[in-house]
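Here come two complexes built around chain A, the first alongside chain B, the second alongside chain C.
On to the complex of A and B.
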């Protein structure tokens, strides 16, 4: 997970998807991911339909496909893992192109790749069309405890500050000729981490005092009106609704594909 | 490495979600006692610190590098309750905004990387610091705590994988591979954690939660020679009751509904491991795992109990187990207060 955390997450826009209240989008994406995970891996047609549905949302939100593809880099460690499964997996073996691959391993790799990719793309669309602050307020409306939401807000707000602090420490280390090559260099990195903790914690204390002096009593006022109309819920529900329809339809009529 | 969607089946994802929700709810109350109204800004900044420090890659052996999990470090620096909250928020933000870790796997990720690492790390740390005192002991305990927490998390991952993984790899192989690699990573994590804690101890010893007992009491010497020793006054704010209850109940309800309804749609085909077993021909001679004769084994394939009911019962058992642990933890905490 070391990679891919530096990209711009939110793309401002004024499309139908951008305008939906955040809680609707969050619930829709979570329900969609649930439907995807519950789909048996043999139903190729269902996965194809899910992908088409997501592509439709990407088009509707006017997110450039390149943006989605670049952010999908986050998935790479698990792609590597999934590609390794057929080689180390057990069971019946097939040998296309002279490679000895495990058949259940291939199924498992496909299962993880398909479901993880759909989940990642859905999350990327969600993050790209929802302002971070609003996303957390939406989560609060979905009954995530307010304290957790507040912590997450502070984290998001000060993340760049802390990351910059860390970057400056790295620049300072490297400008003195330091590169971490083996285990003996761990103490140097760890001392930076210790200094970073003290700076973060002291900043937290200053932030808290500054907030107290501005009348903070333990909860943040919500000034946005985040109520969602039934129409908006219905609109957001089309994505998981369609996915669920595909899932149920395939389950009832068995038109899924190979092994269904 | 964050677990993505589709890695575990629905039953495991949902059960782990219930465990994560219950654990977070307990920690929300506990963190109030550790930090009172400073909870939000302090935990927020510490979460940002954990997020940043997770990106510090450290060299493990020639050519490979690992990155910090940070659970044990957070537990020692800010206390176990706040640490779980910070880890949960870090994973939440990574899942929501960075698409790192699937939304349906959020429960699994919080359980593995938040709750398990913090609990084992803090447990080992307390065990050592209770028998030995002093800064050196704190540093050594930090090393051991972080070292144990990483393979512990990996082993719980293996356990979950055994229960509901979707890949047909022999469980022994997984355990060996995960264990081996993570002991190595654990040594790195232990070194970093120990030196980090030692650094903070040297500069601001009052910030290390795990070393609170080390501070000498304040001694006042008057001009006339009389000495007053002020005892430690640790203020404890009683946790507000009932705040987390609606969330908890909603979580339990949703879990039961999902386990009952969704598991109907789970594949009726044998899962990977069973398939392997059939292929290898050892299913017939296998005596099953310890609960093989129970009606619940294989989620209702055995005793004629419908799949959905088995799912609900399974979630119930998980919840009772999680609840018992949480209740025990609270009892101990009260006695210690």
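On to the complex of A and C.
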């Protein structure tokens, strides 16, 4: 079975960060991301401080830097996109090393890269210290739409089952001499996808019956009590709190960087 | 005494017109273990779905420990009837075993320490306590089926209804499940076409065929009646014989 491929973001541990209730961490990361996004792109020092704050959390959670770096690969499409902007951008141009680059394009690229990187790292830290199912329970506690949370919960549970079904169908195709090589094979793959959809749909119906049989009335019952203490909220608030302090401090006293 | 389960003149047609049940009568006393035998398409699953109100009778009645299955009594009926589905992957839909076993009692309003205790007790009874924090898809098929049994035991049912419990099990898992079922002191209705399993676990058997109960009696007698079995497309495995009455 394709066991656990989608769990590899999580890294078991027993640190302060791991132990925080998931809803506190989710809210903290969201607030931190908002502070980052609200920061004007010229405030280099502020971005530097945010990076240091995140590094502090990584250290506290005992996550090896390599673990974070490898998972940052998810950002590569954005990086490629950002790097293209100075070449295709318009406006005032500069030419370091003989390249002709757009100055507004350079600023735009920096803006995207800095903010996306901080956001991605914060999310990686969150995912590395919070089991997926707890993340969903946290989302439930934060009153995210229950339907969405339940859908995500079922995806978490059935991803492996569906992947396995998909693999069995591929084996069945291939053992009858079929391998997908070019576009003419797309209809066959499409029919398989259709069959997979029907199977998954039927499973959904059976699961629904199983849920009804055990007294389900439309909302997930509270199974694990995840109440967070004021202390835990305060602790989780440290990261966005510090980021907000940097943001406001720079706005008031203007020690941000070149443009401030 | 009221029966654990009483079904009378139950008839049902699917919305597409397929008439699956033609008037089923049966009565199961408290503490009995009964096998419901029948060929594919006999209406076994359809009958099972009526027992906890997933399907509502077109005609006739079902009552569980005296309580009729009806719109108003659904929550209590579903507590009383523990349905174990054929595919444990349908039954185990939560991210961990603990949450899955807790799902039923939590829906009934059980919370906190009592909920945790029920989960542990139920898992203990099927010998799966050590898997409590594992995700269901990391368990073997046999283990998943045992956890599926635990999910309904946690609701403290009046009657346990199992749809094809021995299907897809290897011989060892099959035996383990039999031992577990024998150790439980609840009323059991076991749907199966695994005749040796019925003989092993149930003193009494019913044959459902063509949407009606075609036979009802001691399992040994039913399985030794070759003509009866053949008439309902039931077959003992090759080389397996059941002597009538005397020990084999």
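We adopt the following convention: the second predicted complex is superposed on the first by the 234 of 260 C-alpha atoms of A that agree within 3 Å, B and C clash if a C-alpha of one lies under 4 Å from a C-alpha of the other, contacts with A are read in each partner's own complex, and residues count from 1 in each chain.
By definition in this document, a residue touches a chain if its C-beta (ideal position, glycine included) is under 8 Å from a C-beta of that chain, and two chains touch if they have at least 3 such contacts.
Here the structure is a predicted model, which means the values were calculated and not measured.
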Tell me which partner A:30 touches in the superposition: chain B (first), chain C (second), both or neither.
first
Scan A:133 for contacts with chain B and chain C and give back first, second, both or neither.
second
State whether A:163 touches chain B only (first), chain C only (second), both chains, or neither.
first
Kindly classify A:225 by the partners it touches after superposition: chain B alone (first), chain C alone (second), both, or neither?
second
Which of the two partners, first being chain B and second being chain C, lies in contact with A:154: first, second, both, or neither?
both
Which partner chains sit in contact with A:54 here, chain B, chain C, both or neither? Use first/second/both/neither.
neither
With both complexes overlaid on chain A, does A:217 touch chain B (first), chain C (second), both or neither?
both
Tell me which touches more residues of chain A here: chain C or chain B.
B
With both complexes overlaid on chain A, does A:92 touch chain B (first), chain C (second), both or neither?
first
Contacts of A:207 with chain B and chain C, given as first, second, both or neither
both
Chain A residues contacting chain B in one complex and chain C in the other 1, 4, 132, 153-154, 156-158, 161, 203, 207, 211, 216-217
Write out the stretch or stretches of chain A touching chain B in their complex.
1-2, 4-5, 9, 26, 29-30, 33-34, 36-42, 71-72, 74-75, 77-78, 81, 85, 88-92, 102, 104-105, 107-109, 111-112, 114-116, 118-120, 122-124, 126-127, 132, 135, 139, 143-145, 147-148, 150-159, 161-163, 165-166, 180-183, 185-187, 189-198, 200-201, 203-205, 207-208, 211, 216-218, 220, 247, 251, 259
Which residues of chain C touch chain A in their complex?
49, 52, 54, 75, 78-79, 81, 83, 85, 87, 89-96, 98-99, 102-104, 106-108, 111-112, 115, 135-138, 151-152, 155
Give the list of chain B residues in touch with chain A in this complex.
1-2, 4-7, 9-10, 13, 24-25, 28, 31, 37-49, 51-62, 67-68, 77, 85-86, 88-90, 92-100, 102-104, 166-170, 173, 188, 191-200, 203-204, 207, 243-244, 246-247, 250, 258, 262, 265-267, 269, 272, 275-276, 279-280
Quick one: in the complex, what on chain A touches chain C?
1, 3-4, 132-133, 136, 153-154, 156-158, 160-161, 203, 206-207, 209-217, 221-225
